[in-house]
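Note that subunit A is present in both complexes that follow, paired respectively with subunit B and with subunit C.
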Partner chain A sequence: MMPHDETMILETPFHSRCLALCEINLWEDWKGYRSAAAYTSVEQEYFAVRSNTGVFDISPMIKYRFTGPDAGAYLNRLVTRDISKIAIDRVAYTVWCDDKGHVMDDGTIFHLGENDYRLCAYARCLDWLMWSAEGFDVTIVDETAEVAALAVQGPTSCAVFKDMGFVGIENLKPFGITRYPFEGSEVMISRTGFTGDLGYEIWIEPALAEAFWDALFAAGKLRGIRPIGSAALDMLRTETGFLQAGVDFIPAEEAIRTGRSRSPFELGLGWLVSFDKPVFNGRKALLKEKQEGSRYAFVYLDVDGNKPAEHAFIYAGNKEVGTVTTAAWCPTAKTNVAFAQVDATYGKVGQELVAEIYYERELKWTRVMAKCTVIEGAVFNPPRKRQTPAPDF
Partner chain B sequence: MKKYDAIVIGAGHNGLTNAAYLAKAGLNVLVLEKNAYIGGATVSRELYPNWKYSNCSYVCSLLRPEIIRDLELPRHGLQVVPYGGGVTFKQNGDYFGNHADHERLLREVARHSKRDASAYERYEADVMKQTRLIRPFLMRTPPDPTSLKPRDLKELALLAKSFGSMGEEGLADTMRFWTMSIGEFLDEYFESDVIKAHLAGSGIIGTALGVYSPGTAYVLLHHYMGDVDGSVGAWGFARGGMGSVAAALSKSFLSFGGTIQCDAEAAQIIVKNGKAKGVALANGDELYADIVVSNLDPKRTFLKIMDEGDLPADVVTKAKNFKIRGSSGKLNIALDGLPTFTGLPKDSPLCLGEKHFSDSLPKMERAYDDWKAETWSKDPYVDMLIPTQIDPTMAPPGKHMMSVFVQYAPPKINGGDWTAEDKAGFEKTVLDQISNYSPDFKDLILHCETRTPQDIENEVGLTEGNIFMGELTFDQLLFNRPFPGYAQYRGPVKGMYMCSSGTHPGGGVMAAPGANAAREILMDLSLTNTVPGGYDDD
Partner chain C sequence: MINTEKNYDVIVVGGGHNGLVCASYLAKEGRKVLVIEANQSLGGASATAEFSDQFSVSSCAHWLFQLNPAVASDLGLTKNGLELAARDLSTIALAQDGHHLTIDGDKLEGAGISEEDRKAFVAFNKQILKFCKLLAGAFNRRAPKLVEGNLTDRITVAKLGLGMKMLGKEDMSDLMRLALINIYDVMEENFDNDLLKGAISLDSLLGSHMGPRSPNTVYGYIYRRMGSVFGFNGPAVVKGGMGAVGQAMANAAQASGVDIEVGAAVSKINIDVDRATGVTLADGRVVNASLVVSNADPKTTFNKLVGLANIETGVARRVKTMRMKGDAAKLHIALDSLPNFTGLSEQQMGQRLVIAPTMNYIETAFNASKYGEYSSAPAMDISIPSIHDASLAPQGKHVMSVIVQYAPYELEGGWDGEKKEAFKQLVIDRIADFAPDLQDKIVASELLTPVDLEERFHIHGGHWHHGEISLDQILMMRPFPGASQYGTSVDGLYLCGAGNHPGGGVMGLAGHNAAKEIIKRGKSA
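Then we have the complex of A and B:
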């Protein structure tokens, strides 16, 4: 048991720095932490990531650490992806399912060392992790508060790190992990992120958080670095086609109404399911689904016109076949995109559907039946995201 | 003597609701109340100058929003103000704080067990699934499973469909939930003693069962299925005390032309040729009506104010067997100021909610052991609130009123009536317990009203002082409440009906039994229904 704590909302290890830069005082609650929704202007923050470097404080992200001789085997049982293929110092995006094959959450697994892994998740899941751990020699620790983290994203992010003295950082491949000495300790850097751009995430002990922030912003000053809030991040992830738990799907354990949770196939994440593994949570149900078919399909839509298709119903001809979960005008791709869940018989790439969009201008509501086309995926997918060595800008 | 269209016995919230709907349909309705004041157990009284005590029911959540709106209770003075917070104090000086803010709550759970913080979300979702199953049936008459009438078949089909919508495991989960103990249910989610203890209280309140007695998981649901303004599971204070619920209902009833007669104790339901004909009062007066509705509990109705000769033998037996056991008492206390609780800042928002001093399930089970031994719990479970922190109408500014629900207290002490010494001992046990966690509490007491189950029975008329007018166990729920064959509010005698908490969907200040009974009566009279249906929960 921990001692009493009268604080109503927690502050991240970077809070003093975030607070100083949060000019418009727009905060929100991210899993009990005070987190900036925007610092100055959502649009400028968005473009910082697409043109310079944007910094997002991801410290509130739920983080679990797995150690012990069975850590790898345990994770392979927990998640759908084959973890044995993830080498040390590599990161993998994955989902994990309940026994019905429905997605409980998505997240990233960091292979930190021999029998040593970290899982970053949207939702708390320690209870489920412990259930799944029966019979495995693995130690599971919630280290959310013990690790401070920042997403440092954008075309000049590599250059900023080079200026900080992280020699050779340009050679870090996507989903790779590296480490540098910092202030007598160490900072871990992974080439990962939620923006679809060239970018990194840094992981550091909380005591060094402020020092790292100061060094980062000092180095980035000449390269247009600025902090970004969750509103800008939402635009960025939409443009690059990343799903958001709680928005694009309901974590299975939180779903109250029958039929509201989704399988990986129904979220377009079938590529994360490795049936080569003999055992993993949800395998039996997922195999059955693979053979018998899914209920829903998850589609990316290119929507005609410039009105975001927020909360729109999707039609095939006159038939209502689904609803939009995320929609936005994408400022870099200059495209109007939407993510939608539709009945499984719809949603082949190239298919034309219709979005019923309602929008308001000066209290006048207008309804638009906008044609949309099912597209492959991300509308923003620049080469610099993958290039190694990473470019300077 | 004047003849009415209908006479309702008992001016509690269900009697008044029933009467209001009958009067709204155009009937000439009389409500009889044995006390000098209305409200039954939904009452607030000034028992100490300038202090108002809600001396029976003390918080509001179950009162159906459909009825509040339909009978225009806000216009008649009812305001329900939600409250949050809550604390379970531990013996070691620590506590569990039931924060109103969800993330803050989860962090507090994590302080006791990180795993439990994650399990809490699963627990919430699972309880909400059960809540959503039962809520649509609150404003409906239970189907008769033995009937082939189209209406019963339709209602049974709806019940089956609701179970069906719970998914493959829904039926299994539901059967387990309705029959298992609250202790076993919570053991499937949590490892922290204090969190289990905090949540288990809702499973035993008003129930003569222990935390490990089968059936108590459902009782928890009974405390989660209400709502305040759509926030399911939330609780609030009726501004001015629970008596303001009865006051608003009575004003609504009077606005439809109804009549309320206080100091009028019903002695006998008059039955002639197998039909209800009226009510004979204790003072000898006789009042006549072809519709007589009893808002008394089933035992009192069939064994006290009806002639056994007028009833089918099975009804008499079923009434005798009806489980309505006293399990709780109450202390209402006028305080000279706000007491301090060890370890908790005085301005903590947690103070606005319920306080408990039972920090483990074994401790709660031991409290039940005392009840079985026919004495009050020596270390009782209390549900304690200080509504004056939110409601300024209950005490002078700066002064406070404390409501302490106490469990367990048996209807009889070692087989005999409660003596003055027993009552004093019970009071001392509770005051000492509170004082263990609040050193300045005793010095602040200006007045204390202590009510044993026997006091509650004598004043309010609830048999054995059972607050729900019958245990909320599966054998006495839905189409078995109060007993099989009589769950559709009709009594065994033509023209005689039941509308108390002893009928579906049970106790608490819900008003649904009163409304549902009115719907059946109006149907029998071929009158236009005035009772609203339930809101859609989707």
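Then we have the complex of A and C:
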């Protein structure tokens, strides 16, 4: 692959295959990589994941590898979750904070073996990781370009893998990791994803990427397999209540204006913060916040009507109390969902608020004051997401 | 000694002068205080050591010129044994041709000094003293925080601001202009005489990793001259060497009820997730206390005693980026009899002698250290304390103590026996240019590089100020933002050493201010 200084935009190891299938040529830049926003039509891709199998090329995701005797202790100081509880061959979703307790990013930690971890992140943060390594015996490598990865998501995904010969894949529990031989080497499969559905992510050396893609699509042909782009993924993650860094929060190191970054509590991610472990970045500030209260609350809203409440102001009575960060009509859940940041005193489940939505039809702008209700969480949360053995469809 | 029956309120890690001062003030407030010192002697870099049979010398700092009078009086240091063998000494800037320049307070003599220079020097001193007085108002109290200023901090800022206004328009604009330029330019603006310019420049950078053309040297000079506000009109020689200051402070501390354990190294400051709980000694003993006050420098405190893994990344990063590279060595010479410095009487040899013939001489000496080499023609600050204090050497014999600038901590390839010997010989030869019979009088000698100073005094980088004194590392930025009021990110852990506001030198104010802050915070400390 071409290094970054020789090209304006990099191609992923699956690029030849993505290119062949990207009928509408709709590309975007994902952290320096050419990545499909959509291949055919967004709705079709969305429904591929909800009804069959959708494949999303996640190779551009930033990946760091941590090895050495202090790798576990290092990560435990870096992130808010208690890493000592993550067994080998398990994956954990977490956030990591700066000293102020504000979220720098969210991502997943893969416990690959004894003193061996991978962190998948939204943003590059090697400088922060290196600074954090002072005092630890840990080796950190950016392996973004060394690992090709696909998200294979949807009700038929397990069946497709079985057809590929991955015997026993149905027994892999959510957040588990397993490995299978492939073309004389190995493919690592984790039961993880960003769609809230039954699904997996596969991790493979770049040289085998195209061969894997071909085998996957051959096996999935009769099960409606389809590549999907980021636009469909955005609908999927909204429906299942997943936050997107850079959209639902500004990573603390990227925030220029004071007060724009958020703590895990303010993002509804307090469950990721473990005070039962040794010192970690943000601990002191977060303890204080827990005692003294947060500035903001993160809420899921069920919005009346079918107009997505994009960028809407949120009111409690006549008082403006927050804004929407993500909004979409969710086709499977048949719900108009919005994620919003509101003042901490608002947002109890069941509370009624109002979204001020502007939308345009043929150059005519209309404003609706849509009633919305604070709901508990994801509007799409099927049993198959959790079932082990994974069901066959 | 450690009293195992006592539940100590405070453990002070390190019995340096600031640690002892801090301990004394806390004990006077009724706190049960234990000071733990790794070395056998107390006072830290204010030390006396026998380096050859019956020859003793101040082994790090060798002049007393900044000791704060309030601290000295509160601790009753005179009563506790502090005695000056000589005080208000002149500085003599040596010239190879014997036409030296004597600087005695405002007076300049010799070296063909011009009337213009004499007048300019009086005016210069007057202005510097004004700046020192202004700063003094902020030295004996904690530095204000940049934001969230409470009343105490606002008063400090207001005093500084008002003080600056009161300087008058010219001095105020001069201060703002001078503070950010370098001593070389200031000297060129004011004086003609090379020896004068060299001597003042040397004072602006002793102990630092800076040359006359480096920014921050003007602040360095004002800092050095703070003694003028504290009642010193030139350096003093302490009877028994600088170790006697440490001993007097230790006596004072013990008189206030402080327990002192010497020869016991602290290997770890114990932290129970959110709070310091005490210390673990190298021999495995654990001592608990509700507060731990570290007199060790900030890097040693966090790197070694706390462990960077036990603090948050942001703080670890600030510890790491603190500038703290020692660049001065100490040379100690045992002399069979006094050498003959060309053009100096014995009385004059008892003054402070400096070798810094021109500013370019110092800058050239500095150049080498920038690239990891020692100076081939170093600048020096020389003391022959035995002229005033016969107790330091056998009858009729003498000791010479020399601060040698520059000897980088990170010497290319590292300091080894061979390089040390070569550098020592080079320094002796250089002094011999001014005292031709020196070589014949030498009985023994010892060179302490910054690496040796680090090992002996447990100061990271061998930097005797516990961190460069420069505008980015003073006031609310000393030792680093977020730890500027003696407290740290670890609850119950305080810093009281020279790495904190106002800074290094045997002054005692860092320890004083830390104690006051701890007392002020009361139960919430």
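Keep this in mind: the second predicted complex is superposed on the first by the 388 of 393 C-alpha atoms of A that agree within 3 Å, B and C clash if a C-alpha of one lies under 4 Å from a C-alpha of the other, contacts with A are read in each partner's own complex, and residues count from 1 in each chain.
Throughout what follows, a residue touches a chain if its C-beta (ideal position, glycine included) is under 8 Å from a C-beta of that chain, and two chains touch if they have at least 3 such contacts.
The model shown is predicted, which means the values in this text are computed figures rather than measured ones.
Look at A:385: by the touch rule set out above, it reaches neither subunit B nor subunit C. Of the two partners subunit B and subunit C, it is B that touches the larger number of subunit A residues. When both complexes are overlaid on chain A, the residue A:125 reaches subunit B alone and has no touch with subunit C. In the superposition on chain A, A:102 contacts neither subunit B nor subunit C.
Contacts of A:81 after superposition on the shared chain: neither subunit B nor subunit C is touched. Legend: residue contacts after superposition of the two complexes on their common chain; A:136 is shown touching subunit C, with no touch to subunit B. In the superposition on chain A, contact is made by A:283 with subunit C only, not with subunit B.
In the superposition on chain A, A:50 makes contact with neither subunit B nor subunit C. In the superposition on chain A, the residues of subunit A contacted by subunit B and by subunit C overlap at 128. Those residues of subunit A that touch subunit C in the complex are listed here as 70, 73-74, 77-78, 98-99, 128, 131-132, 134-136, 278-284, 287. Per the touch definition, subunit A reaches subunit B in the complex via residues 1-2, 4-6, 8-10, 29, 31-32, 123-130, 142, 253-259. Of all residues in subunit B, only 94, 101, 103-104, 106-107, 110-112, 114-119, 121-122, 125, 128-129, 132, 165-167, 170, 189, 343, 345, 348 touch subunit A in the complex they form. Residues 271, 273-274, 303, 307-317, 320, 489 of subunit C touch subunit A in their complex.
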